[in-house]
Each structure stands twice: as structure tokens, then as C-alpha cells.
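See the structures that follow.
One chain, subunit A, links the two complexes that follow: it is found with subunit B in the first and with subunit C in the second.
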Partner chain A sequence: MASRVLGTALFRSGFTVQDAPKYGAERRGAPIFSTVRAARGASEGETINERGIIHRPDLVVVADDTLLAIPAAGTLQGIDPDTVVLVNSRESADTWRHRLNLQGELLILPAGSEVEDRADLPHIGATCAGAAACLLGVIEPEALTTAIDEELGPLGEEAVAENRENASAAFEAMIAHRGIVTEGAAVPAKDYEPPAWVELPVDDASIAAPDIRAAANSVQVRTGLWRTLRPVIDYDLCGKCWWVCSTFCPDSAIAVEGDKPVIDYDHCKGCMVCVGICPPHAIGSIPEYLAQQREQQTIEEGEADGTDPADR
Partner chain B sequence: MSETIRRMKDLPSTHLLGTGTPMCSGCGGLEALHQIYDVLGENTVFVNAAGCMTLLSVYPFTPFRGSWLYTAMGSAPAGAQGVRDALDILLQQGRLPPEDDLQVVVLTGDGSAYGMGMSATSGAMDRDLDFIYICYDNEGYGNTGQQYSSATPHGATTATSCGSRGYPGYKKDLFSVWSAHRPSYVATVIGSEPLDLAKKIEKARDMTGPRMIIALSPCPTGWDYDPKDSVDIGKLAVKTGVWPLKEYENGVVTHTRVPRDRPPVEEYLQRQGRFAHLFRPERNEELLAEIQDRVDHYWEEVV
Partner chain C sequence: MAPTLLTGNVAAAWGARLARVDYVPAFPITPQTEIIETLGAWVDSGDMPGRMVTLESEHSMLTAAGAAAATGVRVFSATSSQGLLHAMEMIYTVAGWRAPFVLVNVSRGLASPITLEADHNDVLAARDSGFLQIHCADCQEVVDGVLLAYRLAEDPAVRLPVMVNLDGFYLSFTREPVNLPDPAEVAQFLQPFDPGAIRFAASAPESQAVAVLGGSPYSYFRYETHLAAQNAVSVYGDIAGEFRERFGRERGAVEAYQTEDAEVVFFMMGSFATKAREAVDRLREAGQRVGLLRPRLLRPYPADIIAGALEGVSGVAVIDQNLSVGQGGVLHTELSAALYGREGAPAVLTSFIGGLGGREISPEEFYQMAAVTRQAVETGVTPPPRLLYTETELREIRKLQSVALVERDETSPRGGAGKPPGEEDKQ
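== the complex of A and B ==
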């Protein structure tokens, strides 16, 4: 949706445009991405001959910052020092620049306030489109709102109004950086330089990568990153029935250790099935970002008074 | 695991199926599969037709502890025949010790079981193939965006039936189609009734010949509800009588749960976005009554 709005806004601003979504599996938790290509001079009949994914993006908008930690999502693929990266996050630009070791420009689109109910999660598409439109510097706010009217009209007035508001707010929030995105030189396929591969001697798979043949090696995939809500067991209330949450958890992410159930947060996807089915209601729900803030706090307090958090 | 499962407390508390799968959060099919795998044990080889669960084993990752084979959508039982034959030859030649023999388990969605794979399945039952078939039935082609399948219930919205009356067809009675082949065993199960499921899988595990299992799999993505409601919706499917829990053995069909005082089916329907058009903007009394009548009629025949 964000790419369609941005594409239409560029089209209304006199560009030749190509925008396309790319889905993997159509399921919750699967990363999705979309691309927009724009060329000046639509009136002169300029066409875009490239197709498919963009190898050298001028702007990358990351709608969910947990994707940055998933290599398979490839959010930063092909960026160079001129690429502007915009991340929807609660963390600061410095934090992300440091984590990702980026030399180029990195901006933060502040993530909205957390919600208790997933159904109230904000629709991020228009926000991303609005912020991107501002950063490109070639789209007037009117073109943006027209694009939203055109693309979302069939969803009804309420949806259009909400998305117009979100897009405009994001546009305003980025106003200090208006036009920061520069046009990268197009790289023709014949000039493509392959990355500097390092040749490594290859051992037999059983030696080089024993994990590949290990049983149940899917545990190396950290699906815990999907979570927006975190289930937490209150052991004072836990009835130690030892099978209910563990059996119903679709992801085998609750095991019984000793006589108590333990949630594997590296893999719990936050479906919250366990919260509803626990007979004595011993499992509560807190927003994931709050849980992480509290964890961070505990670690920092530990560093301050010199104790190891694992000891407490 | 060899002790007989009688009570909830007998259900396993550690699980064989690995975490970290790409299935949707709150997947009712995965919930059933992990319970089934715990009962079947490690000595299983899965033969998987194309579908959501194909993505369980995307190289180099797998949640299984043993082998897994991927087949085309219509031919998983044929793949199972090949695996079973190979195992039998190895056993016969003494190249595989009997204790290392594997249970051959077909795993497919409803698209394959109710539709494309029907012919291969029928043939496998004709040949009395020694295998277990598990169909996770989420009532549509979930992996590609929930287009309708022959398992889609009457009136449901899918990506390819989005009018005001939803899917015009009726859910195929696969239990009866399979039972008509007179295989060793046919059963319906659901992850939200783990004891009933475990008893049936245990029974199937200890038999030979074709053993056919249909697991209704509440699907947050395809049925349009919050993942936390997966178990609730599964329980309602049983309580309202929409999903009868039953088994077929030696020519006889037995209902393992006969719901008394069935609540109206709409309690099940209104929890799911795929039936929202039956309630809003105004109630479609005619269609609601038709769905209820069909369920009532089913249970009148049973008792």
C-alpha cells in the first residue's frame, strides 16, 4: 500500500513510475517488501526499462525494525553510503547507526505508542509513504493526499481520512530532512561488479556445517522476533497442571522443566493462545517493547551496582 | 512412548517438534502436528505434499528429528508408497534392523487431501499401503492467500469467493469418502481437543494399513481472527457440532464426542472475519438458518 501511494504521488508529480509489491509466503510473520522506481521527464516519454527488485536503492524505508535483525529479510541489501535509511522504531538513530555500522544517513520515524490490543495497531503504510514523500523532496503534500484518495477510495471515507492524517503527520515530522534523498547513478547491468568474494576451502558438510544435518535445527531460527505482545507466567498463580499451556502452544515453545512451565522467548511468536487457555489465569500479557525496556533496565542497574543480572 | 494415554496428565510435556518454524503465529495446524508428532515418536518419516507445511522444512532448517520428503501437491501418497517399499526391501535384505523401521506419514493440507491428491490417496488405500495420512484442514488454499478449496464451508469468504453469500459450495465429506475405501482407520481430530487427538493417534500408531486422519486447523490468517483465539474457535467448532469428532474402524463409525446442548452455530461463525458478511451490515437470516439446519440434520442422523 505504501508503495502504491508513493508511486501514485510521484506519478501525479510528473514522474514515470513503476511500483511493485513482492510477497513471499502470505502469512503472518513473513517479511514483505515493495519497490518504487521513478524517472523524471514523463512528458518527454521517458520510460523505465529495468524490472524486478532494485539493486541500488536511494531510499530504504523499514516499517518494522525487527526485520533489520533477520538476514533473510535483506532489508539493507544493496545500500551504499549515499542511501538514506528510514527506520520505524522506538530506538534512536544513533543506536541503529551503531548497531548496523552504517556510514550513510539513517533517520528514525518514531514508532507510535504501544497498544494492548493488536487490533488497534496503527496502519503503517500511509505513514511510511508520507515520510518517504517528504524525504524525496519532489512531492507536494497535495499530490500525496490526492494519491491516498485515489488508492484508498474504495475502502471508504473513514479509512481515507485516517490515512491522510497519518501520511500528513509523517510528512510534517520529516520536514527538516526534506529532499535529503539524492538520485544515485543508474548502474547498467554490463557495469555490474560482483562483490569481493573470499574464496574458502570447502569441507564436507558434516564437518563444515554439522548443524545442517542436526535434528530439529529449526531452533536456530529466532521466531521470538515476531512478537508484539509477550506472555508472562506468574508462578504464584500457576497451578502446575504441567500440560495445558505446553500442549496448546502451537509452536512447542512452552516446555515443562521440573514441575513448572517455562516459555522459550527466543521462539515464542506471541500468539497469546496460552493466555486464554491457562485454567488459573496465571499467564498475563505485556507489550513486547515494555518487556524489553524492563530487561534493559535490570541489566543496567546490575552494571551500576556490580551484580550480574543472572545472579538475582 | 508406549504407555497408554487415558488422562490429560498422560499427555507429553516435552515436545519433539522443533521451535522456530515459519508457520503463522497461532497456527491450528501446527498445534495439531506437534501433538501428533509427540505420540508418533521420532521414528517417523514425513512425506509432505505442497502446502503451508512445506515451509516447515526449508533448507537448511527443519523442525523434524528425522527425514522429510517433499512431493508435488497431488502425489504424497505415491511418495509414501515409494518410501514404504524401500524400507520393506531394506528390512527384507537385513540392511535395516527392525527396530530402526520408520512409520511413513503423509502430511498434506486440505487442498491436496480433498482435491488434487484424491486419486493418489484412493490408490494407496486400494493397495492397502501401510501408512498414516494426516490432513491439516484449514478449509482453503492457505499458503497462497486462502483461495477456496473443496474443504471450504458454505458461505465462507475466501480470496476467490468474496461476494455477499461467500463460498456457494459445500464442504466435501472427506471422512465418508475415505471411509468408503474401508481402510484400517479414519478419524477426525482437532488440536484444541488434545486428549481425544492423542487417543486416536495412539490407536492409529499401533495399527497397520492405511490410517487416515483429518485435523481441522483453525487458521488466524485465512479465517481472519486474532491468533490468540485459535483454541477457543477450535473448541467452539466441536461444541456447536460443526466439526464432529469421530472415527471409522471395521466398517463402523463411532462419534467420540456427542455434544449435548449444542450452542447455535453462529457463536462459532461470528468469531471469524470470513463469516462477517453473515452478520453485517445486516444479519443474513436465511443463510445462517441454512448453516444451522445442516448441522442439526447431521446430528439427528447420529443419535
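== the complex of A and C ==
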């Protein structure tokens, strides 16, 4: 989002622009990054031929300072003494310069102290874009707010207003450093550092295959959380044939205990195959949210009358 | 129209919208999903007429696409990577029907291991199917490519489905300024699909099928497909010429950048070729006569056009963002076959494998590939194929392997079977 706001702001300021996000497997907490390139001469049809990661960035904005310590995140890859580094942090610039042993410019975009969980960080994209727009020095505040309107319009007026406010505040917070970012040159083809290419050795398949092995852990993965419908067995109707539902369950989530089938709700994904297959139609279904509401009610009632829900 | 910032995915969706497609069978997969999300929103809002149906798999999606095209309507679909492989049986099947439609593929490397990022082994797996292939290097080419693809597919001298390829992430999620062609101009360039002998009316339902045939008739039908594909080289040339006249953009079967007086030429396809274009500019600044040749059309293979553009060139650095396991780079193999025995062909073809799974190619690597190729020209000795891979990358892999081996030892019930790399030698 930050890159789209900054990209559009640059585009509206007469630049040719290329912006792109990059991320690996989607999972909560995984670092993501995005790049923005801008070139003058949009009206002359200037195109940007470089793409992908920026090998020598002029400005690096770090929205989450915990990423600085993670080598795989590569936040400071390719920086040189001319690169400006902007970090959203509660620590001081001196602290980070010392920790990272940086020669170049490092600025702090103060992180709100009220935010405990980084996942809840509000408007960080627009905030970073606002600060970056100021540091680049070629974007007027109006172009920034126009970009936010364009990029966040579909989210509704309230979201746009909040993001505009935060981006503008970040822009103002950086005003003393406006235009501090300088344009780096392309990598010259004369006297360049040749790549240290390596011959790959032929490794044994035991390490050269990408197979990951670990102790069996599928039981610990509570796939039952995926369920939107919950199958429920009516034992008054159950014919105790004891094998049909448990055999057909594609997740082996129905076991026969004693003489009756029992559904393992930690691992039942709610596919409803058992509901369809049960010969005496003894398995019904209820929406999962309703089932959970009822469970919660039962627990609360139990607390009210002093009995342990486990005893019921 | 003023340019607007669009991702490659949205550009692909605009291609379908401007082509006024009737039917979109769809199934999502990263990094293609934004295409069908965009089309879905337009169909939902009424901005785009036509029907969109989500199928239960890519195999069904391709079947639906081919079946719909066989009724004479204009069909668009999109997939990527494992999805394309899942549909592979139908890729060959519908191409054999000679039913024209357009399938966008958003390139993503194939498992195993799994990656989300681009290389061309997915689209090259469909290389021999009968689908024609147009490869894009930027987001403008994506929207243009879809329009060209319909013209090519529906041409009576061709009548084959066409794949338009764009690279995952490097184009799919990358926004660049795109000039959306004026719909009225597009309507002139791309007339309504005239299905000719393909006809279907709901009021007069009929069946269509293919038969089990012996070798002789089978050979006839397969080779007819091949001849139609070969026709497509000159047909494409005409269409691209008309496109240039109307829209002012060069979209020929190959992009030849600074090849006129070049001694060394980079040969590659897809979005990484724009990186090569940048390297060519820097190398020219440094006084080196280097160029770039990039096939837009890979199927049919425009062998004569490629050979013509390389006449007088001393060395070609072929950069393959794919790997035919046990053979090497597909582009290198095909270029060698196209040039062998031709008078005036380059004496040296060096082979580089780079950009697998979206691995970056740095400016210095382009400079070095040019240097290695020039040296091969001077010495007459061509070096063996090289994987673009650095010492630092190998060190990182060794680190990951050592962590993985410790974990395996600690958690596997059978204990660790492997030893850290190099340990065996220390006995």
C-alpha cells in the first residue's frame, strides 16, 4: 500500500513510475517489501527498464524496526553512504546508527507509543509514504493526498480521511529533512565488480533434495478451526453400524469408541460427507458459529450456577 | 488516452475487456488471481458484459474454455504454474480441436521445491501443445498482447488457441504506466469473432467430438496443426504491422534492441529482458557494441526472423530463465537448432541459466555475460553452460542445510541420515 501511494504521488508529480510488492509464502508475520522507482521525463515517454529489487536504493523505509535484526529480511541490502534510511521506531537515530554501524544518513519516524501489537499498527503504509514523499522533496503535499484518495478510495471516506491525516502528519514530521534523498547513478559497465560466480558441486541427494522431514505433527494442527458447518450425531437415531461414517470420513476424524462413533472436532473440517452417507440419517449439521455460541452459553450458565462445565 | 498505472494482471484483464470477450471460465492461483478478481468485479458491476464462471479446477476450466470456443464465442481464461500443469491434458486436447481462444499464463516456477516467483518452465511445458505463445516484457505489452493474440487465434489461416505470457511478480504485481487503447479503435482492430465453419445454435443443438485414429490420419491432423502454427509467423507479422499503424507501438515477432552493429547480443525472453535492455545502454556508454534480441513470439518459432537479426553478430549470450533438466536451457537449444548450418550465423552461442524461481540477475552479471561471450569470440573457445549463482548464495544454502540437518537429527524418529556438506571428506 505504501508503495502504491508513493508511486501514484510520484506519477501525479510528472514522473514515470514503477512500483511493486514482493513477498514469499503468505503467512502472518512474514516480512514483505515493496519497491518504487521513478524517472524524470514521463512526457518524453521515458521508460524504466530496471525491475525487481533495487540493487542500490536511494531511500530505504523500514516500517517495522524488528526487521532490521532479521538477515533474511535484507532491509539494508545494497545501501551505500549516500542511501537515506528511515526507520519507524521508538529508539533514537544514534542507537540504530550504532547498532547497525551505519555511515550514511539514518532518520527516525517516531513510532506511536500507544501501539502494543505491531500487527495492529494503524495506517503505517500511508504514514511511511507520507514521510518518504517529504524526504524525496519532489512531491507536493497535494499530490500525496490525491494519491491517498485514489489508492484508498474504495475503502471508504473514513479510511481515506484517517490515512490522509497520518500521511500529512508524517510529511510534516520530516519537513526539516525535505529533499534529503539524492538520485543515485546507474551501475557503470566500466570497472565494475565482476560477480563471484561459483560452480555448483554435485551434492548427495540426502541434502540436495528439498525434502523437509520432521516428527509427525499433523495431530497438533487443529484443522477443525476451518469448519463452518458442524456435523452432530444424534445417538438416539444412530444405528451403531459403527463403520459407515468413520470409513467415509476423508480426514479420519470419526473414531468408533466402544460401540458408537465419536467425531473429533479438533480435526473435523466440516465437509459433511458423514451427514450425507449415514444410513439412518442420524447425523445432522448446524452452523459452527451457532454451535460455538451454544457452547459458550452452556459454560456461562455453568459458571453462574457454580457447576464445572466439564462435569456436564 | 493518458497513461495510467496498472499491474500486469490488471493490464491482462483490460485486454480481455477491450476484446469484448463473451465467456471467462476461471480458477484462481497465485500470482494470477488478480486477473480474475478484476474481471469478476467488472462483470459484477456490469462494466463488462459476458459470462464468468468459476470452475472446480484448471482441468475443467480449460475444457470449458475449449468447449465454449468451439461454439463460436470469444473466450478468455488465465492460469499459472501448477494450474497450467493440472490443465495439461486439456491444453493438448483443445489445441487439437482448432478452437481459437486466449489463455493468459502468469509465469511462476514449478514444484518441487515450491516457489511463487517467475520462471518459464511452466509456459514451456506447453511448448509442444499446439497453443501459440506470445511473451510479454512489460505491462503495456500485456494488454497489447491479448489483443494481438485474439487476432492471431481467430485468423482463418491459423485457428489455434494462443497463450499470452507475463512473469509473476515482475509484471503481475508491478505497476507501470500503461496506455489503454481506445475501445473504438480496438473494435476496429479486433472485429467480432467470425467463427466461419464453427457454428452452434442453442435452437439446433449438435455434438462435437474427436475420434480414436490410427497413425496415418493422426499424423495428418497433428501435422495440419503444425502447418497452421507455421502460417502464424507471417500472419502475426501482418497483424503486428496493422497494430503499429493503428496504435503506434512496435510489436513484431522479435524485439531487436541495438542489434544493428552489435558484436555481442543478449538473447532472452520475458520481463527480465528489460534488465538486459538497461545493461545494453550501460555497455554502450562504456563503448561496447552490445544489443538485445527478444522473441515475443515463441510459438511459432520465428527462426528466419531471428537468424536475420543475428546476421553479422559474432557472439550471442543466451539467457534461459528455464531449465530442461538433463539438457540445459530451452532457448539455447532452440536457437542452436535454428542457426545451425546458416551462412553468416554467429560463431559463438554461450549458455547461461538465470532467474530460476525469480532469482534476480544483477547489472554486473549482464556485463560479465557480455564479457564472457566476447572472450569466447576472441579465443574461439566457448565455455560450458553456467548457472548464474554466486559464492554468497552457496554459502547461504550451506547455512540453511546445516540448520535443516540439525533439526532432522533432533526431531526425526530415525535420526539424521545426512552429514553436513564436506563432512564426508574429513574422515
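Simple rule for what comes next: the second predicted complex is superposed on the first by the 181 of 312 C-alpha atoms of A that agree within 3 Å, B and C clash if a C-alpha of one lies under 4 Å from a C-alpha of the other, contacts with A are read in each partner's own complex, and residues count from 1 in each chain.
Note that in this section a residue touches a chain if its C-beta (ideal position, glycine included) is under 8 Å from a C-beta of that chain, and two chains touch if they have at least 3 such contacts.
Owing to the predicted nature of the structure, the values given are computational and were not obtained by experimental measurement.
Chemist: Just subunit B (first), just subunit C (second), both, or neither: which does A:W243 touch?
Modeler: first
Chemist: For A:I212, decide between first (touching subunit B), second (touching subunit C), both and neither.
Modeler: So A:I212 meets both subunit B and subunit C here.
Chemist: Should A:I124 be classified as contacting the first partner (subunit B), the second (subunit C), both, or neither?
Modeler: A:I124: touches no partner chain.
Chemist: Touching A:R51 in the superposition: subunit B (first), subunit C (second), both, neither?
Modeler: second
Chemist: State whether A:A170 touches subunit B only (first), subunit C only (second), both chains, or neither.
Modeler: neither
Chemist: So, does A:I277 touch the first partner subunit B, the second partner subunit C, both, or neither?
Modeler: So A:I277 only meets subunit B here.
Chemist: According to the stated criteria, A:A147 is in contact with first (subunit B), second (subunit C), both, or neither; which is it?
Modeler: In the superposed model, A:A147 contacts neither subunit B nor subunit C.
Chemist: Who does A:V187 touch here: subunit B (first), subunit C (second), both, or neither?
Modeler: Only subunit C is touched by A:V187; subunit B is not.
Chemist: Can you list the residues of subunit A that touch subunit B in one structure and subunit C in the other?
Modeler: Subunit A residues touching both partners: 25-26, 212, 215.
Chemist: Over in the complex, which subunit B residues touch subunit A? Could you list them?
Modeler: Its residues touching subunit A are 8-9, 11, 13-28, 30-31, 34-35, 52, 55-56, 60-66, 142-146, 191-192, 194, 220-221, 226-232.
Chemist: State the interface residues of subunit A toward subunit C in the complex, per the touch definition above.
Modeler: Those residues of subunit A that touch subunit C are 4, 7-8, 11, 16-26, 42, 47-53, 55, 186-190, 192-198, 200-201, 203-204, 206-207, 210, 212-215.
Chemist: Which residues, counting only subunit A, touch subunit B once they are in their complex?
Modeler: Subunit A reaches subunit B through residues 25-30, 118-119, 209, 211-212, 215-223, 226, 241-244, 246-253, 255-256, 264, 266-267, 269-273, 275-277.
Chemist: Using the touch definition up top, name the residues of subunit C that touch subunit A in the complex.
Modeler: Going by the criterion above, the answer is residues 3, 5, 30, 112-114, 116, 138, 169-170, 173-177, 271-272, 274-275, 277-279, 281-283, 285-286, 288, 358, 360, 362-365, 367-368, 371, 386-394, 401, 404-405, 407-408, 411-413, 417-418, 421, 424.
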